[in-house]
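Okay, so subunit A shows up in both of these, paired with subunit B first and subunit C after.
Let's turn to the complex of A and B:
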């Protein structure tokens, strides 16, 4: 006797059902789109598709930028622009009014120039430091035959954290009663008030920034390293090229487009430093040792006893011009460095 | 000039062995080609010779000097890569001189060598250009130039022509052959293109699945393939293969019976076959002729499936009886036939290759 054959229910793959659902949605969406295309013509349709993004971009980028520029030419403490008097270039003149730009105390707004000086040093150290460590890490990870994905993830992980979280974690680590001081007390019977000494606090602000952002830049450099064909190195090996010369004469020049992108992104990010440094140093301390330009803008505009929107906007415009110059230099250098 | 000796050479990746004990002797100044299908291990073997790939077991010697543990530079070889592997950010001149600068050679000597190589390869007009400003053929010549300036003991070529168009390939082929005659340096050339191997090399090594199937002069491989693999690989289009049976053996040869080709006598003494043995019969397309079978000859009929006419020659592809493989007939000049039409073909049994149906080894070669 043979067993009765069971009738299996028809099996429909989940992907297939999803595909059918999407087809149905597309059929519905097609009706107004087809009508719109008949009305506007096919050539204008791409503009229809980018319209939603452009609307959001206009509301959140173009309008605020325009407003900031407009505010920069006004004075007083009123918030609404039509209630603010036009002062021409007065805010810019005030910001740039200095005995010597190298000595902030000779400037009318010495806090602005202290912030500029602090930002300049931070940008220099942060850019060089991050570039160096990201490059070294990428070179090491690129040579790994095992665990490359794991280490790539480990170094990239801090990038996923919120700047405030990063600031708080490191503050807890570096505080007077923090983990590091606990270790120093136990082993060396000493204690350093890292965040209240000018030199140490500046060093840690740069270090935390490198730790926080290095993974992102390391990934860009790693992608560049992996894009260099392996046979070029093999040809160099056959040519008897030493490891150091391979790095200097092959890796570095071939990596230049990536290094350039990384450098300019780092410069831009460094100039914009604010959140993690603000949290880590409890508002730019000790004193004004870690007060950066963005913090100056923020405090000038929003401190209850200041509310100098015009001055803050003028500082924003000056910073915007500096960033624009950096971006344009990136485009120019990238074009020049193309192999 | 350097002689190369490979003895029981093996390569393993973990527990996976990909080169299974290879023995090859390359005479000083010889041009040999390593051929075989994709994945046969020819490029791996070349990289083992170059020193780019470590040798797992066995011995490699250059002029009786063991080189297993020497770096590529210490072996004094030069290699031309399939992708050219030129340094993209350097000028042609810098590409040529880079290796010599590593040796801290005198600048005047570097310039002399670079200029001589550039002149020899007709790239002296492009010395200040970067590789991206050159055509594929010019890049290939720069890659060869980079090898020449180092005056190496051995030249290694890893499928150097596969990125070139057909016309340039033929031209560069003859240039490399000319170069070998001029330099008289030992050259090892990897290719999957048997036409390249047949036309350029003095000796061909046929590889399959990490083993040597046969080593010999190009015509030896064509006339006397050692087994069915070599028979199928060397010759374009491939050899026609038919199953058959030995009916009788005698001093004048063996009489065979084949469902496709009929009964015929293959002349020749000492053919290693017994009555009743299953046998595989191989016939080159150029040895089949269209027309009815004549007494003493073998032959059959085929249903035409495709006709490829190149003007000066035509290949007719047809199906014979139950056989899965198409029979290919080479017809000199232009020839036309309707698809589906029936054509008779014949051959002189003296041209038949015989192989054991058990292990594929050759029992008899064929006269051309």
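Let's turn to the complex of A and C:
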């Protein structure tokens, strides 16, 4: 096969730079694919290109979605779906069997409702907190005349860390012998075992989440801020509008579509809280103070002494419905924001 | 007070809002940096130092001295005698509140002093064995290798398969194209947390449970990757492809030799993201992998922390090793990452 040098000279040059070894590998891959094309015809080649992706999506996403619903209607502890007895709405009834939804201890599966309550409070505080800090930080960075790139990078950096690393770093920071307790001893002559007290641990779980994810939402808000045309502010300044008024009457309304999308995105993420909270609190502790819905699903399904796949799937389906509603509202808001 | 929330800048004039903005930025930098710096500092402390309270801000270790007639090196202390004079002594043993010490210059004479008169001498010391010991004691190298394997293989496959799908979706018209694109995008709406039970059953059905390929294969196709690459490929002019077809290049050759090299910037962004995603993955490997020899770094690290006797000096060292690659990638490719996030809204 001779390369059609006339086609695109810069491309060929780029290919040459990749080196002889890679070139040989590429040629090896081309031969069977060219044979396949002769067999199927050029018109069928796009299907060949998209096939591997669709197969993987089918196996690992579409089939499980269907199965999740099927699992929710079956009982027993067998993993394989064809060995599981059909129990109708039993799993949903069990989950929703409650004296009062506001009081988890009156429910048949009180752990589920404890998790729902914890997730609800976490979602509320995390969404508001992240929104506030991300907005203020974006405004600050947008305002800086120097060091903008540096601070943007600093605030974004935690986003790239793994949940395990974040959980461990903060667990160590808040430990009995940690730095924070060192300062507390110095200044107030007291020590607090933060992660073993219900109130403190919940507060720190929210705080660590904000610390972890704030940079991501800050970037999105920053992009929104930079899209606001400059001259509006110049006009406002000529009119003598105070900075405070400029923020409330110009920046905030113009940023609103962006903020709404960020809020819904935050809600979607918050409902799925699991990784860093699980590592930080050593599995949802103290007691069940930081047990969230995903942890309930994970434990119900995969704890060796439970293996209640049906019940876990029923909880997944309920959470999936909530997430679907949030996602659809996000798409709707995003569409509205573009208009 | 919150006037710094306003946006405009006055050229050549600094007012209170500028100071507040700088204050926020610098304070925020400290809030981000201090816990991480603390973990790095602590990872270089000895086991004794890490468990001592209040914590020291720099890694130190007890100063020791070898004295004639004593088998082990002795720790060095300063003794303040009741009359206020100070003397350097070596501690032989300690019983309750009294200690047997000796003067290093006269090693044969030991004498007893109350513990309250002693203050230990410590010197700056970096305990690098925290980093080397876990490699021998635990399967840390194994975890590291597993993670590198998963990250590299999954990223290569992601780039290959996602770009193939993106090529089909952007450069061909075929029946079902829009439906397939919509289906791929719809998977963005289905988080792992909703389908983890049946996804695990699929893994068991494919005989991939407790197998690194079970972790890899299910993460290879990403809707984000397909979307990102498709948008980029749409900007490549079709004339180029037509010209190649006239020269009788096969469809695969067009993808391989023309479209793929032109997509290098988009591929680079996806590669960076893929490496970071796979390196940091937690919930899915936690479900799929069950035996320690298959653990990835993240799973190994979290399982060590759950053990009865928490060895923080090792855990922190391994935490630093785990965050290092991501940090290096970020240091060099910071611009691409933040721009990629800002433009596509994914992370």
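The rule we apply is simple: the second predicted complex is superposed on the first by the 280 of 339 C-alpha atoms of A that agree within 3 Å, B and C clash if a C-alpha of one lies under 4 Å from a C-alpha of the other, contacts with A are read in each partner's own complex, and residues count from 1 in each chain.
Going forward, a contact is a pair of C-beta atoms (placed from the backbone, for glycine too) under 8 Å apart; a residue touches a chain by one contact, two chains touch by 3 or more.
Given the structure is predicted, the values throughout are model-derived calculations rather than measurements.
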Contacts of A:95 with subunit B and subunit C, given as first, second, both or neither
neither
Identify the partner contact of A:253: answer first if only subunit B is touched, second if only subunit C is, both if each is, neither if none is.
first
- Touch check for A:229: first (subunit B), second (subunit C), both, or neither? first
The answer to whether subunit B or subunit C touches more of subunit A is C
Applying the touch criterion given at the start, work out whether A:237 contacts subunit B, subunit C, both or neither, answering first, second, both or neither.
both
With the two structures laid over each other on chain A, which partner does A:210 touch: subunit B (first), subunit C (second), both, or neither?
-> neither
I'd like to know which partner A:107 touches here: subunit B for first, subunit C for second, both or neither.
neither
Q) Now for A:264: first (subunit B), second (subunit C), both, or neither, which partner does it touch? A) neither
Requested in this report: Would you check which partner chain A:61 touches, where first means subunit B only, second means subunit C only, and both and neither mean what they say?
Outcome: second
Subunit B and subunit C footprints on subunit A meet at residues 236-237, 242, 250
The answer for subunit A against subunit B in the complex is residues 229, 231-232, 234-242, 245, 249-250, 253-254, 339
Interface with subunit A, subunit B side, in the complex: residues 50-52, 71-73, 77-79, 81, 83, 85-89, 98-99, 102-103, 130, 132, 146, 150
Subunit A contacts subunit C in the complex at 1, 3-4, 6-8, 11, 14-15, 18, 26, 29-30, 33-34, 36-37, 42-43, 45-47, 49-50, 52-54, 56-57, 59-68, 70-71, 79-81, 136-137, 139-145, 147, 149, 151-165, 167-173, 175-179, 181-182, 185-186, 211, 216, 219-220, 222-223, 225, 228, 233, 236-237, 242-244, 246-247, 250-251, 272, 274-275, 279, 282-283, 294, 297-298, 301-302, 309, 312-313, 316-317, 319-320, 323-324, 327
Seen from subunit C, its contact residues with subunit A in the complex are 2-9, 17-18, 21-22, 24-25, 28-29, 31-36, 38-39, 42, 50-55, 161-162, 164-165, 167-169, 171-172, 174, 177, 180, 183-184, 187, 189-191, 193-202, 204-206, 217-218, 220-221, 226, 240, 243-244, 247, 249-253, 255-258, 261-262, 264, 276, 279-280, 282-283, 286-287, 298, 301-302, 305-306, 312, 315-316, 319, 322-323, 326-327, 329-330, 334-335, 337-338, 341-343, 345, 347
